[in-house]
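Have a look at this one before I ask anything.
Labels for the chains are A, B, C and D, by order of writing; each one numbers its residues from 1.
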Amino acid sequence: MSLSELREQVWQANRDLVGAGLVTLSFGNASGSDRDAGVVVIKPSGVPYTSLRPDDMVVVSLAEGTVVDGDLRPSSDTPTHLELYRRFTSIGGVVHTHSSFASAWAQAIQPIPPLGTTHADHFAGAIPVTRRLTDEEIDGDYERETGVVIGETIAALGFDPLHMPAALVASHGPFTWGSDAADAVTTAIALEAVAAMAHRTLALDPRTEPIGNSLLGRHFRRKHGPDAYYGQGKA
Amino acid sequence: MSLSELREQVWQANRDLVGAGLVTLSFGNASGSDRDAGVVVIKPSGVPYTSLRPDDMVVVSLAEGTVVDGDLRPSSDTPTHLELYRRFTSIGGVVHTHSSFASAWAQAIQPIPPLGTTHADHFAGAIPVTRRLTDEEIDGDYERETGVVIGETIAALGFDPLHMPAALVASHGPFTWGSDAADAVTTAIALEAVAAMAHRTLALDPRTEPIGNSLLGRHFRRKHGPDAYYGQGKA
Amino acid sequence: MSLSELREQVWQANRDLVGAGLVTLSFGNASGSDRDAGVVVIKPSGVPYTSLRPDDMVVVSLAEGTVVDGDLRPSSDTPTHLELYRRFTSIGGVVHTHSSFASAWAQAIQPIPPLGTTHADHFAGAIPVTRRLTDEEIDGDYERETGVVIGETIAALGFDPLHMPAALVASHGPFTWGSDAADAVTTAIALEAVAAMAHRTLALDPRTEPIGNSLLGRHFRRKHGPDAYYGQGKA
Amino acid sequence: MSLSELREQVWQANRDLVGAGLVTLSFGNASGSDRDAGVVVIKPSGVPYTSLRPDDMVVVSLAEGTVVDGDLRPSSDTPTHLELYRRFTSIGGVVHTHSSFASAWAQAIQPIPPLGTTHADHFAGAIPVTRRLTDEEIDGDYERETGVVIGETIAALGFDPLHMPAALVASHGPFTWGSDAADAVTTAIALEAVAAMAHRTLALDPRTEPIGNSLLGRHFRRKHGPDAYYGQGKA
């Protein structure tokens, strides 16, 4: 894949976040990585989505974090994205949003329990919330520390990052990831739908129990892994 | 009706689900049946709605479940649709969605009580929720078992399926049906509106009582059966 | 005003209900009256809003309720509209919707308390809810009885109908009225906004008190009556 | 900046309120000030947003409140805007809306606590709610008194108005302000997003604690003040 194609993909992913209704003002950002080339392509900081062009996407070194190509400053959340690419070596795309229901769970510092098959189609268990960052982490290399605490959270649960492709950062909002930027966008859309549905479920009955492992596993395996039978397959 | 017309109808029904705001990503599916020809036409699995064409609809044998015509895999929920067509012999269309409020009721494993005339215009009583599937059913022929449990639920309540054209599958979401695919879509739209309204009603007063049989019957009969006087009649 | 102009106005009012997001499927209807001509023009029953044309509007006799002109059946709610025109002699338009938040209040059988100035800009007090209809009323001339109970509710509160241009029918939904069909549509839009805002306010604090008479009166009089100073005046 | 440019800016700001979904009917208004010219340009009263043209914007004297140019009456809320421009000498734009979630907090007479970084990105602390106006204030120079009580509220908290660019008027709704009309619109959009998110957070856990000063300060300073590193800088 050429750098120009990656820029186009990342630009499209950022626009798809808007199209899906996940974006208010210039909140949020999507990135994609070409690991062979050692780069991450990411949205510039604070530029209105409506005026974004593919060439505005900023190319950053995966190892160093320095800007390799592009005239604009990269998203202020770039160090978080880079930390995730370094820790989750199987991923090729990262998305961050402040979508309303997912952010409400993050602000309540509660994981989203798996209450139904919409959840199980996308996530292999409860969607975790990180611990709060310490004052030292906040006052220090804040954005990188945000990536560190996400990485710790997924590792502590023992998940393959592609089986739990999302985490809620406490008092902040969701990050999602996937095989590429488009895949991370799909997960961000599914996450917001699942977050709204779980919110509305608990309003009806706060004691609703998570679904059992049979149903969780069945739905997750319908879409993921060697026994998947959802979709048209990958020839 | 030719097979080509049925494909067009089912394609239109799937698009109408999107137009009505009931669809996130590629969740959900609509089908229609030509009982004389012994076939069901259904959406292909996991194909984005935006790129669907009428010719992508898959033709499946009602008796055998095998693909009779079409290049794509049918929806993974096809065995549920087939089971419903076999059990509810008067229906000609089935719709499945993960619409947000109806799925919240399904996840809370609560029937939607009839709290007003919007409900009564479409459903002859509380909209039922199925029992949970057993681990054996989940690990076995899962999608067919989903249809079996819906069939059991409607049968146990003694409803004519066209008088109770919807059920919530526990921990999953709604299925609706009707005389054809378009009719099942109409019911899916009404169901989501009724589910939201009931949710908001109980938030105001959790002890709201269901409406009485007089009002329920009056509104249902305005639109359904020999004494219907809503609409322009069927000449 | 010619009958053709009234048809156009009523058609536009029905379309504006859709544009404002108050309509699901073919729920709801708007009408307008020419009292000099002794007629009410109303939406036909059960016709999709998208295919409505001005000529589809049905002309009904205000005194008799019979169809005077038009090829289609009038809305099944026509007797409710007629009863309101007969009781509220100053009005020229009526609207009925099943808008979600207003219907939730109607289903909870609770009046909407005046909690802020958005309410006071449009309604001179709490928006009332009718009593439940009796089984005799439901089984009898149901739609006319619905108009009777609305009329009783407004009369019992002592309101000029143009100062309280809305009521919630218990277990059903809202009716609004005004000087013409467009005015009744404006009130239906304001009512849904006020219903949502009040719902969200009580979720934050169920004990929120209604605003006092000073603020209620000041805002209502800014827009209504001889001392109004909102808008561009009527020259 | 010419008066014609200011009119265009204020017209655009009013249209952007509609585009952002913050407006129902003709609720709300945006204004901008040219302090050197001693004028405020504001939306006319009660004119539908769809028919507004730049030339409809009304030019008012900042010192006197009299109409300097324009054929239409200025917004009935003009005295509130003028009072804010006089008290907050660093601002160049004011916006008033009745957006649903922010108005719900105003109606509940509760400040919006800072529960996450979306809040901290825009507001340096809890978004305050004013005290109720007295009957004397309501019956007197009501709109000016509304500006007075907002000014008192911000002053009592010791905030630089550009660090706390919003207040909720008790039982009414939000006012926001900024360096110009567009900036005040951005804050009005962020406020409604933050109000919805906080509402949904407290529904999950009513005891959610406000975020600490470290996180609040870090995010606010990312976007505001000499150490800001969000966006593309101002060259």
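The rule is simple: a contact is a pair of C-beta atoms (placed from the backbone, for glycine too) under 8 Å apart; a residue touches a chain by one contact, two chains touch by 3 or more.
On a predicted model such as this, the values are computed, not experimentally measured, just so you know.
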Fraction-based call for subunit D against subunit A, same above half, different below: different
Rigid-body rotation angle, subunit C and subunit B, from Cα fit (steps of 5°): 90
Rounded Å distance between subunit A and subunit D, as computed from the means of their C-alpha atoms: 32
Approximate Å spacing (C-alpha centroids) for the pair subunit B, subunit D: 46
Of all residues in subunit D, the ones touching two or more other chains: 203
Those chain pairs that satisfy the touch definition: A-B, A-D, B-C, C-D
List of subunit B residues in touch with subunit C within their complex: 115-118, 186, 189-190, 193, 196-198, 200-201, 203-205, 208, 211-212, 214-215, 218, 222, 229-233
Residue numbers on subunit A that touch subunit D, as the complex places them: 24-25, 27, 44-47, 72-73, 76, 98, 100-101, 103-110, 133, 135, 138-139, 142, 171-173, 199, 202-203
